[in-house]
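Each of the next two complexes has subunit A plus one more chain, namely subunit B in the first and subunit C in the second.
Our next item is the complex of A and B:
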């Protein structure tokens, strides 16, 4: 077991453990804060997979933007107004069926995939390769996503103005 | 590089990276915060025609040490209605976020905590943790003022990240790298090779670049100033309306940690501006070590230059703080969304056109 294995298990533990708390804690603000550690752990796992760009994007978008917006929404409603937001269980049977199907398919995929294992090498940054791919092979998709995001922005702005 | 030196010394990459990651904390951030707190009080005093702290040591130079002694002795108050676990974690999170930035800042050509390719992007990403810490502190204090302060602070940090990123993209377009060490090396030579003077471009492109680089510098300086929550952008801790924002309820060492994080942040954003536009650790006029034939002197000089440039921008931040009045919330948002972002965007387009020449 090398040091990198230990680091991997550390990050995996952070991710899975905090994800468990996100789901089970009754207080929704605690759940939101535990989400920070989950996202951070996932970023660490991306780094170990030599996907440095994705790791930082994970931090910028999920921690820097989405999580903050989430906390914003929760906080604005939680302590100021008297509405108590709690997590609870509703509709046990349909959710159990959905979870079972999802778990089954995930395990099936995990067992049936022919995993490619690459020996541990230090790879150079993935940014350049990503950039070249995005602007050559996938340029149409890239532009379409840009337009989609722009539409979403304009829509949000016009809804906020009402 | 220092990292290789520690790898040889300790025989393991992991312990080497831990040591080189801890170095800036003890050698730089803590002493800097000590000096900067005193400097802030002295600068503010002299701007307002006062003397500032004068009692402890010659002209009060030991004032900060006395303050720290006082803060250590203070009772660590946690009110009943505070949310205890989050209340305790928040200062640590804020400090961790602002300290993690230092991992990618090149202090000299031979020392950089982690020479990652995405340095600049990493810095912007990791400072998101500070926002979460501030929100946590505001919420855990369970107090209207702290919550309002935290909200304002988070809104401000998120908004001003956009112009910062745009200017970073502008620089990225010219240099083609996000590695702060390479970015600095690209500006080597004398001071006219600094990014603010058009970098390594030659001829007509260089002359065309200079005005847009100056615009870029002003935009990123304003937006990073807003990101460290200092006046004129300190509505999140506006004393006259919010007591002191998200850290109102903190006392003793926890308050000191917030303070330390603020000063660490001030230097960190100045360092980013310095690396992007003012040649990082490079000397503007050549090295004494070259003239004397002492190669080991060059990194030392570079460290001095880097500190000098960084502290110069920290001084400008202090100067602005004690000169300008605070902005209203709507003015703050208007500056970001109606002025800085369009300016940064047009700047990005024009610089892109110029780089085609």
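Our next item is the complex of A and C:
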């Protein structure tokens, strides 16, 4: 086990562990704070994949903007901190069996697969390559994302309006 | 750079759709409370887009090439143009529905957003149909989903409307997450997102079948959600019941057509080895895609038909009927032949006409009596003869009885199945059709045999609505006896780039 592996497992543990608390905790403010660690762990994984730009974007947009907005929303909404979220479990035995079977088969299949791997090359920065790809080969995808965001904006405005 | 400019000629319909999306936003902004120009602009935009699509039938090529200049992000072919034309047709009909819908009239100040989001759906569906790359497939599905989530709750004044929207968002979010997981697995084993390249790699390299099957099933979850096949159908009855009826009709026809076009392209390009001289497809040996689809198809039609037996709300009944029809349409894919593909194309045109017609009549009746419950339909045969007779014709066509168009659609599907030696499956589908007779005829019984306890004043149809109704009724009858042009058109548009 190399240092790389240890760092990977550390970040993976942070991500999965805090994601578990996000869904199980009853207080919405605590959940929001654990979401911070989940998103931070994902950013760490991106760094390990030498995807520096995406890691920074993950930090700035998710950890920075979205989570702060979420917390503001929670604080400004009247009395939402006192609301006890209902976390009743329905059909616990069948769902546990289904989840175990799914998890077991996923792990089994993943371990027996020849994943396509490329040797790790340390690049100075991925921003330039990303930009060239987005504006050349994937230009239509770039435009499509623009329209998707416009639609999301219009949809959100329409839903917020009474 | 030149390459991008060259590709622009292939996506004229998409460009036109995007431009009209923005035009609607601007006109809505400038005109303020005056909404009367929006619908005409919609119609003009759809006609222009339709013109570009007809112009595109001659193309058969990739657009937006990848680095090695072999495959592209989008594949432009007559198969795609056929389905795009179908979507434009149903969009035009939906705009006319919208003009005469009381539900939308109540939320008139939202008409601008409503049409903008419809353009968003159209654009998403267009890209779903022509996508040849997993990234574009995912983005197109997201564009379609986002627009339709909002549209399902657009009127917002009723509780069930918001409920429909919320349910749609939650189910849709889960299924697109599952699909993205499947896409990431497929990328992890092949190292490419282009489905043509994936096909080449699956044929040549040592890749385990199990992981391909897993990722294909996960990706199918995303597509299956859009075409509402079991077990991804849970949202359908609630969303169809809660959404405004124009959107319900649109979801049941256009969004399903796009989903099926995507499913066909994805299956045919990714999992097919070669095509025999007689038009049947050889599937790659890694994956037993056919058995999976057979199980899904039988499950879907049986569940849809049996659940429909107990429905007392017209919208829910039509929702379960559309689930059952998704099962029938999958049969065309199971045939794994060009003949099956042609049968689905024929069936889809007919399905669009008769399903839109049925929803139109339900909407006109709801405008008058304010209800979609079957109990309130009692005795309408006497008070609204024109509407109910048309509804009767659509119901008979949905069953698939001659002399209506539905019969021709089912005939071609079953013939394609039998020609691929799947007589048992065809037999099960036939039994399902027999079950479906019960609930369709039950509607007719309520309309024509039962008499109402309360007095309803007789009501007719306004002239514009009557014309629209005739536009839908007449093809349902004529295509049942004179269907050669439709079959020829489907034959002409069968080219799917790659094979």
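Operating definition for what follows: the second predicted complex is superposed on the first by the 103 of 162 C-alpha atoms of A that agree within 3 Å, B and C clash if a C-alpha of one lies under 4 Å from a C-alpha of the other, contacts with A are read in each partner's own complex, and residues count from 1 in each chain.
We take it that a residue touches a chain if its C-beta (ideal position, glycine included) is under 8 Å from a C-beta of that chain, and two chains touch if they have at least 3 such contacts.
As the structure is a computational prediction, the values presented were derived from the model and not from experiment.
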item: Partner chain in contact with A:138 - subunit B first, subunit C second, else both or neither; value: second
item: First (subunit B), second (subunit C), both or neither touched by A:129; value: neither
item: Which of subunit B and subunit C A:73 touches, first, second, both or neither; value: neither
item: First, second, both or neither for A:3, with subunit B first and subunit C second; value: first
item: Subunit B versus subunit C as contact partner of A:56, first or second or both or neither; value: first
item: Doubly contacted subunit A residues - partners subunit C and subunit B; value: none
item: Residues of subunit A touching subunit B in the complex; value: 3, 29-30, 33, 36, 40, 52-53, 56-57, 59-60, 63-65, 67-68, 71-72, 75-76, 78-80, 124-125, 127
item: Parts of subunit C lying in touch with subunit A, wherever the complex brings them together; value: 1, 4, 7, 11, 18, 21, 25, 63-67, 73-74, 110, 113, 116-117, 120, 123, 127, 135-136, 139-140, 142-143, 146-147, 149-150, 153-154, 156, 188-191, 206-208, 210-211, 214
item: Of subunit B, residues touching subunit A in the complex; value: 12-14, 86, 116-118, 121-122, 124-129, 131-132, 135-136, 138-139, 142, 144, 147, 150-151, 154-155, 158, 161, 178
item: For the subunit A and subunit C complex, residues of the former touching the latter; value: 106, 109-110, 112-116, 118, 136-141, 143-145, 147-148, 150-152, 154-155, 157-159
